[in-house]
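Let me begin by handing over the structure; questions about it come next.
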Amino acid sequence: MIYLQHVSKTYSNGAIGLNSTNLSIEKGEFVFITGNSGSGKSTLLRLLLKEIEPSHGKIIINNRDITKLKRKQIPYLRRDIGVVFQDFRLLPTKTVYENVAFAMQIVGATNREIRKNVPIILGLVGLARKARCYPEELSGGEQQRTALARAIINNSPILIADEPTGNLDPATSWEIMNCLQDINKRGVTIVMATHEREIVNTLKKRVIEITNGSVTKDMHEGGYDDEMEYSQVFV
Amino acid sequence: MIYLQHVSKTYSNGAIGLNSTNLSIEKGEFVFITGNSGSGKSTLLRLLLKEIEPSHGKIIINNRDITKLKRKQIPYLRRDIGVVFQDFRLLPTKTVYENVAFAMQIVGATNREIRKNVPIILGLVGLARKARCYPEELSGGEQQRTALARAIINNSPILIADEPTGNLDPATSWEIMNCLQDINKRGVTIVMATHEREIVNTLKKRVIEITNGSVTKDMHEGGYDDEMEYSQVFV
Amino acid sequence: MMKWNTLKYLFKEGIVGLWKNRVMALASAGTIILCLLILGMSYSLGTNIDYILKQIETKFGITSYVKEGTNENKILELRAKIAGVPHVQEVRYISKEAALSSFKEGMKDNAIFEDFTKDNPLPASFEIIVDSVEFQDQVVKELGKMPELETRYLEKETDIFIKINDTINYISWAISGALIIVGLLLMTNTIKLTVYIRRKEINIMKYIGATDQFIRLPFLIEGVVIGTISALTAIIIIVVSYSWLSNILVTELIGLLNGVTFRPIGDIMQRLIPVCMIIGSGIGFIGSGTAIRKHLKV
Amino acid sequence: MMKWNTLKYLFKEGIVGLWKNRVMALASAGTIILCLLILGMSYSLGTNIDYILKQIETKFGITSYVKEGTNENKILELRAKIAGVPHVQEVRYISKEAALSSFKEGMKDNAIFEDFTKDNPLPASFEIIVDSVEFQDQVVKELGKMPELETRYLEKETDIFIKINDTINYISWAISGALIIVGLLLMTNTIKLTVYIRRKEINIMKYIGATDQFIRLPFLIEGVVIGTISALTAIIIIVVSYSWLSNILVTELIGLLNGVTFRPIGDIMQRLIPVCMIIGSGIGFIGSGTAIRKHLKV
């Protein structure tokens, strides 16, 4: 479903985001992307969304080389991909409800569908009572959950999530992860960047580790590569 | 050093941020604030900074009721408090170096001091090579570390950190926590909101848990109140 | 094409957006209103200078001297004939005696012209006022066909006036043109700025899969609504202040110029209203459309 | 007070901020330039209408009739005396014969005035041109002291001109006043908008302990620099386009009005440059200062 062939990304200031990466993710997989801060996880995800262009290489999603996509076709690529951005990117002038509904409006959903589905999803992420709040009236975790709700509302075949639990307490995180697993079971391919060792270790999914822009580990049923017990070492 | 007396905060849309909270934090303490997403952790921290006003109650910092502070004196209160905001709040038109240096300029540091201290702090948070980047050229974790560098550069007697490791991988998180412990040992009072169970459980500091705006637990040498093993329950 | 449901949504978005982005909407509206006021002002000024000078021109009458020996009957007949010429507004007869006394008065009743009284050499004449100076030539031609008259009019003075008129018209058109350009630049400048402020929002919409058209439409609707409301506001301000000002000026100042009036407000508005509406809504539409374009490229 | 080091830093911040916020800086600068152009235009127009009308007024000469029987010597003496009167620019002598022939020519060489040739009743006269119409009265007074002369001038026509002049001046001042107000509103509007865009930045600075003064100073410096640069740009544009336009107009159009000139550019600039500079830098300073104030309240 998603194939990267020798993909590199060097930012205009010379920073290396990704370094000749090869990767293939099949339909229905649930993949964790791990790696240190600044290693290139977000870069990888942003490439899939055509938010940035690779410096080299091919990115094939659904049998199409997205680097060759025409401008007009980009929105349709993005509709196939639900995204939770690391910085949320909620529309500041829209309420939680409107932000989620907006994603449905984009794909031309009827008002009926919208009125039916949005409250269900908001309930799922625990934001039923915050539906009428604007993003700036939300806590960090609530914003993150709004972003997640927006990402999953359209049942896109691919879900990309950049640290979707970074601002969430463990209990809520697990609820969210459960929800993602359900979605995955319905056939959605999930690519999720995360730092949460506990989640990665517990779920035993495929784990791709990126170090300084290169894939350094790719394990099915993997765990967080964190052999040292930092808590022991540093305290 | 920090005393809250019957402090409540109800937001203008009716959301309850904090609910008649009493709290005292002594000089040199290291306090974790835990609680579910939306429970009121950020609200508490923002009250200390006078970013928002309490609906009721007194907040006393350094023997002064900050709710009665004159407008002119607010900057001086804030200089006594280093802050890492949950949403970072870096100045978008300044580089990493300039963002950190800016905090020193505010307190009237000399150019000599600035040129000497900023690189040291940036090294400490692992951003020496990103000094000339603008915030939008940074990864999430790098932005967070910049915010942390800015918070600690002035050696303020109080440090408030709202999930300073939310975007960091475990290794980097532990480096940061180590750094905070060092600072704490030098006498700085630290109040840190966090979700990271591992950190809280390992460090055995005072833990204040907030649930729906009320303090529900306040333990010295506490742990993350997370008795269920969610990973077992939900998977 | 777009679904009806979607169109309705986007239309509503545009309207709601006005309130949600009211600071920017007000800034744009303010600029458009002020620019249209400039426009209205320069147009009103230009057209009135023209109008007033035209009125002053008509004050330069035509004088037709009557040939020596024309009898009283003939003169009465001539008077009726002249009054019948199209565009003649007023005819006044000045007899030889009246001419002499007014001539002498002009000379301040002094002894130099004493000998005139012996044998009055001045002819009798008609003074003819034309209703509009444009027809002066036409009337003079008509009068030329009457053999008993010797017609003369202030060709040189009228000419100077016409030239001043032309110059002022020319300048006021140049100024109006410059002001229109300046106004358009100011308006697009502000609209660009208000769109620039919202570029992040536009980017987000694109990142989650919105098409250009989907994003653009509400902006265009916002733009048109702001432009139209601004145009209406500007028109109201112009109408009110124009009638107020022209009243004051006519009574206080132009009164001196015996009965000069300003161009009636209806005349002005007939042109100004459509122009303001077109510019207002056009700039809102085109300004938003072009400003948004570059932010859509993500 | 603030340390020298801090002041230096804030000053640098202001300058660097221009580049870092160049979109906003350009928008502000564009607005200020355009508004100052409007101002310059309206001022140049107003002052030139005044100037041109003044020139036309001087074309209304004074005529002094010479009393019958004044001899040649006396006439030469009179001529010298008149030329010596302050503000007299030109004196022309018109003999009795010249007066008659020009009178007859004015009457289109027709038979009505045939009898004039028998006994020429027209007096000889001097035509006197005053260097500026304001002194016409003064010169006439002076001429009145010469017993050999009977002085007459186009009081009525001059009066009309002066009244037109007054009216146009009045209107052009009103318009200029309105344009200044509109311009100031437009400028503050844009500045407010550019500060509004940066309100988050201002808030962040406050949250980490910056004083109002510390935040405000770079904004003020930015504002003043933008205002000053804009003013300079506007002045350059005005100088260039004014000299270009007045050349074209003088040769192409005003040529008709025998030798009318525009107000020299130096005259215009003498007032316009300080006004532009003060408004430009003032609006930059005050606009930024007031716009930032409400965002500092966090």
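Going by the order they are written in, the chains are A, B, C and D; count residues from 1 in each one.
By definition in this document, a contact is a pair of C-beta atoms (placed from the backbone, for glycine too) under 8 Å apart; a residue touches a chain by one contact, two chains touch by 3 or more.
These numbers were taken from a predicted model, which means no experiment stands behind them.
The chains that touch chain A as well as chain D are B, C. Placing every chain at the mean of its C-alpha atoms, the farthest one from chain B is found to be C. Annotation: 22 Å between the Cα-based centres of chain C and chain D. Rounded to whole angstrom, the centroid-to-centroid distance between chain B and chain D, based on C-alpha atoms, equals 63 Å. Taking each chain's centre as the mean of its C-alpha atoms, chain B lies 66 Å from chain C. Mean C-alpha positions place chain A and chain B at a centre distance of 27 Å. Of all residues in chain A, none touches two or more other chains. Residue numbers of chain D whose C-beta contacts span two or more other chains: none are found. Arrangement of the chains shown, judged by which pairs touch: one closed cycle in which each chain has exactly two touching partners.
In this structure, the chains touch in the following pairs: A-B, A-C, B-D, C-D. For chain B in complex with chain A, the residues that touch the partner chain are 11, 13, 15, 34-38, 41-42, 86-87, 126, 130, 132-133, 137-142, 144-145, 162-163, 166-175, 177-178, 181, 195, 197-199, 202-203, 224, 226, 230-231, 233-235.
By the touch rule above, chain B contacts chain D in their complex via residues 49, 51, 71, 74-79, 81, 83, 85, 89-93, 102-103, 105-108, 110-111, 150. Residues 2-3, 5-6, 9, 17, 20-21, 201, 204-212, 214, 297-298 of chain D are the ones that touch chain B when the two sit in their complex. Note for the complex: chain D touches chain C at residues 23-24, 27, 30-31, 34-35, 37-38, 41-42, 45, 48-49, 52-53, 56, 59, 65, 67-68, 106-108, 110-113, 115-116, 119, 121, 123, 150, 152, 157, 160, 163-164, 166-168, 170-172, 174-175, 178-179, 182, 185-186, 189-190, 192-194, 196-197, 245, 249, 253-254, 256-257.
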